[in-house]
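In the part that follows, the structures are each spelled out as structure tokens.
You will see two complexes here that share chain A, one where it goes with chain B and one where it goes with chain C.
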Partner chain A sequence: MIHSVDTILALVLLSILFSYGYSQLFRLIIVVGFQGIVVSIVPFFIGHDMTAGGIVFTIATLLIRGIIIPMSIYIAMKKRAIQSKVAPIIGYQASILCGLGVIVAATYISRQLNIPSISNYTLLFPTAIALPVTGMFLLMTRRNAIAMVLGYIIMENGIYLIGTTISVRALHIVEFGILLDVLAGVMIMATILQTIERTFDDVDTENLRTLKE
Partner chain B sequence: MIESIILWLFAISAAPFFSAMILKVKAFFGGRKGPPLLINYYTLIKLFKKGSVYSTSTTIMFKLGPIISLGSAITVLMFLPIAGQQAIFSFNGDIIFILYTMGLSRFFTIAAAMDTASPFEGMGAAREAYFPIICEAATFMIFILFYRLTGELQLSAYFSGDNTIALWNLAGAPLLFIIFSFFIILLTENSRVPADDPATHLELTMIHEVMVLDHSGPDLGLIELGSFCKLFFYSTIISRLILPFDLGFPGLAFVLYLLGLALVYIAVGVIESIIARYRMDAVPQFVLTSFALAFFATIITLEFIR
Partner chain C sequence: MVEIVFLIPFIIGVMAFFLPKEITRLFLVSTGAIHLILSLLLWKNRPEAIFNNYFAVTPEGLLSLLVISLLFFLISIYTVGYLQESDIQTENIFTGFMLLFLSAMTMVTLSVHIMVMWIAIEATTLASAPLILTHRSSASLEATWKYILICSVGIAMALLGSVFITLSMDIGNVDAPLSFSTLTMVAKKLDPMWLKTGFVFILVGYGTKMGLAPMHTWLPDAHSEAPSPVSALLSGVLLNCAYLGIFKTNKIMHAAGLNDFSGTILIVFGLMSILAAATFILKQNEYKRMLAYSSIENMGIIAVGTGIGGIAAFGAVICMIHHSLIKSSLFLSSGNILLGYGDRMIKGTGDMVSRMPKTFVAFFGGFAGISGFPPFGIFIGEMFIIVGAFRAGHYIIAGIFILSLCVIFAGFANHVMKISFGDSDSNKRIRLKEKASMVWPQYILLLTSLILCFFMPDTLYQTIIDAVTAIGGGLK
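The block that comes next holds the complex of A and B.
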């Protein structure tokens, strides 16, 4: 019988697959928001006791990961009229095939690892492995700086999922620390982005090669 | 057995009617009245009454093309369990036979197009050869999944009697992906929007239509009938997948089946009305989505059923 958590995670895996093929930035942002929401809800279902603190924490994570970060990126994109294509180095079709390979590898690895505490949730660990690899892939193969930031957030979502699944009973304070980390990271990236954009009128990172002393 | 043959004859004769439903839906979206639902029969009768014109540069290949494409389309229908009934023929591994019978018809269509020595037709033939390759990979992925679920390699094991409901019970969520994937295959294989536009009048943007430009009269009629039957084949499979219920009476199952068919054809019509066709280089990515979905469904299923 398929667990309800697994059903949501199947959708996350599908969104991972699509994020390889998307050329429009706003679709990628929607994917990131969706993944952020699911990633923050899942630990609540698997092991965390439903205390008041737990609920508050889940809602806070959900708000930051699922709504605030994607929305702020979207607003920044609209405000500066940044080009909405992700400018890939590897083409979309090859990317989709890479995505399939990543998902196959992730399921294979998770089967090998076979962690007993989460063995009830079949898709949890494959998703947790596929997310960081996808983020890494987007970081490496997209030239648009915003796509890179989104890749970083996807990667971070995956790390969060791995962290919460392996240490099922991590303290909330630790998770909150991770969350602050992301927020700070995104802010720093936003500042750098703004500088790149002001200098070159574009967020294509290829432009940075022309910098000289 | 007799029922199967009657259903088979029904399929061939009803296929043009359902294709006209697409035109009706498109007309509805355009705010027009649209052609009558029997338009395709009138067209076929008109075409069969005409004579044929053959270019002097063509050979026997050109005349074989339409006959084989219709022949393979109705052969494939013989293997299809219509409305959950048994198929006329069925043997282990008939899926592969079916796929390559369709491949045969594609080969002869392409060969007939090349035979005319028209540069436009060669261009269409190249596209027609390219896109279905990805479709074939996707179709095989779907059948690998079905094989994994049922352990059988024949269409009757998936689509007749209670077997489809059994499939849903085994793997409900992946089957949703399969339906989407199969719908994309349907659109591509039958050259519908957004992969190809059957109503286009510009040779440069045609895929399937450009290959049959030189056919006339009865030959064109055979090709049209063949393409109606092919669309009917794919629609029947999707109809069975979305409404797999058998409610006791055979009559009721048949009504459900017709309902499913109408749904599929209306969905095709709606998609043709609201989506523009893709740029030629975006089509492979669209088809690849169907492969990715099927592949994804297979991985997920393997993960759950060890």
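The block that comes next holds the complex of A and C.
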């Protein structure tokens, strides 16, 4: 049976593929926002906390991951920086191929591991594995500092998805603490991005390669 | 009430953002003093926390807490002198983040919940990143960028590792709170495959923050570009906080009977760090980077000691305490050198023995201590680790260990000799008056290290033994 959660996760997998191929930062930010929204609501739907606290927490997560975090990156940047390209080290076609490879590998691995608590949801674990790997990939293969921060956010989204779905132990208060840390981290990164842009008039990390050994 | 120890610096830190700089300087030192008193009280009374699911007083936490507290107090005294000499415009923000940094580090030492520990360690990154950016040069911008990105990504790995450990509870059908102590108690029932995976991720994650090679790349940049009091805090206490995360996870591994697995990985990462430090320290031309590589070396030594276990684990904790004391004193002295000569390069200094004699005493003493000269504590710690390695039959490891230490010593000594006795440009004027507040903290740090070698209070000794027994360490 195809679960409704799987349908929405299929869209996330598609968005993961897009994030390998996008050259425009603006689109990448939208993808990150979309992924943020989905990973916030999926844990709610797989049904372990339909309580008032659960609803409040889900809404708070959704606001932070889906709206505030992507918006803060967008607002922090001047238009010119946002319109710049992601400056890939590996070309877009090759990146998309890597993306496909990642999704296939993630599906294969999740079948091998067979985690009991989420075996009803076919696409949940593949998505949860593919997100952090995608984030890592963007971090390593993009020279644009904004794209790197977005990679970090994708990675965090993926880890959140793993954390909230495969194990239901963490309490909301603890998860909220983690969320605040991530939020503060992104805010500080956004401030540093601004400073980088002001100092070098560019957000290419080629400028940040003077310190060696 | 345990929580007050990190709440006070947090509240005062937030307040400092809005206050004029003269008052914030006073706040810095007085908060340091209050924190030290509270830590000592905590050590003596060992009270229960209000949120005892998340915070508690543990032996290894207490050791780190006391080191943090003592160091911060002394560094805060130095900082006041440093701030008068250097031109930091946004001083209240600097002080505010210093206090928030103290609060976050204190929280690390007191947290017992695996996720709260993560939150606290990530908070240390966030509170310290703006401190590295203080000078606002393009180099410090680069260092901050690398620091926050590499550490955040690394620590995200540790979060993944923590999640895997909760998964090992699910699969092992264990229902217990997520605290390190309960996990250690039920360790045998946890699923070993996921526990091992979790440990590897946590080691890579917190290892990044601790400065273990090959994840150490942020460390030399951050330590060299940060203002010296911040470098002293980063090296002296922040690295220990990250080590604490690994130490506590290793306790679970040990209780689960997987200590061979965790030990081997720790030894491999440790040796890699020592070798990396040995390679880079030789051709270093900046003295603060040289000290940073020496920190990587010492973190490697601590990891190797923890991995070997037994008497070596005891040695590792001794090394940790003394490294904090000595390295922070060295970084503070390097701040004097930087202010005095106005040059980061080793070749821009020279003849310190006659030009900055008070700083010379601290710097040279620190060098002797950190290189493992008797009677400083690093010597004793390294000795224990080498003896432990031989006892456990790790002859090759001991060989590589000793050889690397020799290479590092040679490199370090070469640079220190140039700084201390080498030729210097006689036209160059020394721009720093060596005030008491800028040399005495270093002297006290070194003296504390020296005294601890000859006289270790019973309560301290017992706490170290309590801490290392859980990872199979001890003096037997």
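The definition used in the following text is that the second predicted complex is superposed on the first by the 201 of 213 C-alpha atoms of A that agree within 3 Å, B and C clash if a C-alpha of one lies under 4 Å from a C-alpha of the other, contacts with A are read in each partner's own complex, and residues count from 1 in each chain.
In this text, a contact is a pair of C-beta atoms (placed from the backbone, for glycine too) under 8 Å apart; a residue touches a chain by one contact, two chains touch by 3 or more.
Owing to the predicted nature of the structure, the values given are computational and were not obtained by experimental measurement.
**Student:** Let's test your reading of the overlay: on chain A, do chain B and chain C clash or fit side by side?
**Tutor:** In the arrangement built by aligning on chain A, the partners chain C and chain B fit side by side.
**Student:** Please work out whether A:192 is in contact with chain B alone, chain C alone, both, or neither, and reply first, second, both or neither.
**Tutor:** second
**Student:** Applying the document's definition of touching, compare chain B and chain C: which contacts more of chain A?
**Tutor:** So, of the two partners, C touches more residues of chain A.
**Student:** By the touch definition at the top of the document, which applies to A:123: first (chain B), second (chain C), both, or neither?
**Tutor:** Touch status of A:123: first partner only.
**Student:** Can A:115 be said to touch chain B (first), chain C (second), both, or neither?
**Tutor:** After superposition on chain A, A:115 lies in contact with chain C alone.
**Student:** Consider the C-alpha centres of chain B and chain C from the C-alpha centre of chain A, and write down the angle between them to the nearest 10 degrees.
**Tutor:** In the superposed arrangement it comes to 150 degrees.
**Student:** Between chain B (first) and chain C (second), which, if any, makes contact with A:21: first, second, both or neither?
**Tutor:** Once the two structures are laid over each other on A, A:21 reaches chain B alone.
**Student:** Closest pair of CA atoms, one in chain B and one in chain C, after superposing: how far apart in Å?
**Tutor:** Minimum over all C-alpha pairs: 23 Å.
**Student:** Within their complex, state which residues of chain A touch chain B.
**Tutor:** Touching chain B from chain A are residues 2, 6-7, 10, 13-14, 17, 21, 92-93, 96-97, 99-100, 103-104, 107, 122-123, 126.
**Student:** State the interface residues of chain B toward chain A in the complex, per the touch definition above.
**Tutor:** Interface residues on chain B, with respect to chain A: 172-173, 177, 284-285, 288-289, 292-293, 295-296, 299-300, 302-304.
**Student:** Across the complex, what residues on chain A touch chain C?
**Tutor:** Counting only chain A, the residues touching chain C are 115-117, 132, 136, 139, 145, 148-149, 152, 155-156, 159, 162-163, 166-167, 169-170, 174-175, 177-178, 181, 184-185, 188-189, 192, 195-196, 199-200, 205, 207-211, 213.
**Student:** With touch defined as at the start, can you tell me which chain C residues reach chain A in the complex?
**Tutor:** By the definition above, chain C touches chain A via 54, 113, 115-116, 118-119, 122-123, 125-126, 129-130, 133, 136, 138-139, 141-146, 148-149, 152-153, 156, 159-160, 163, 166-167, 169-171, 178, 220-221, 224-225, 280, 283-284, 289.
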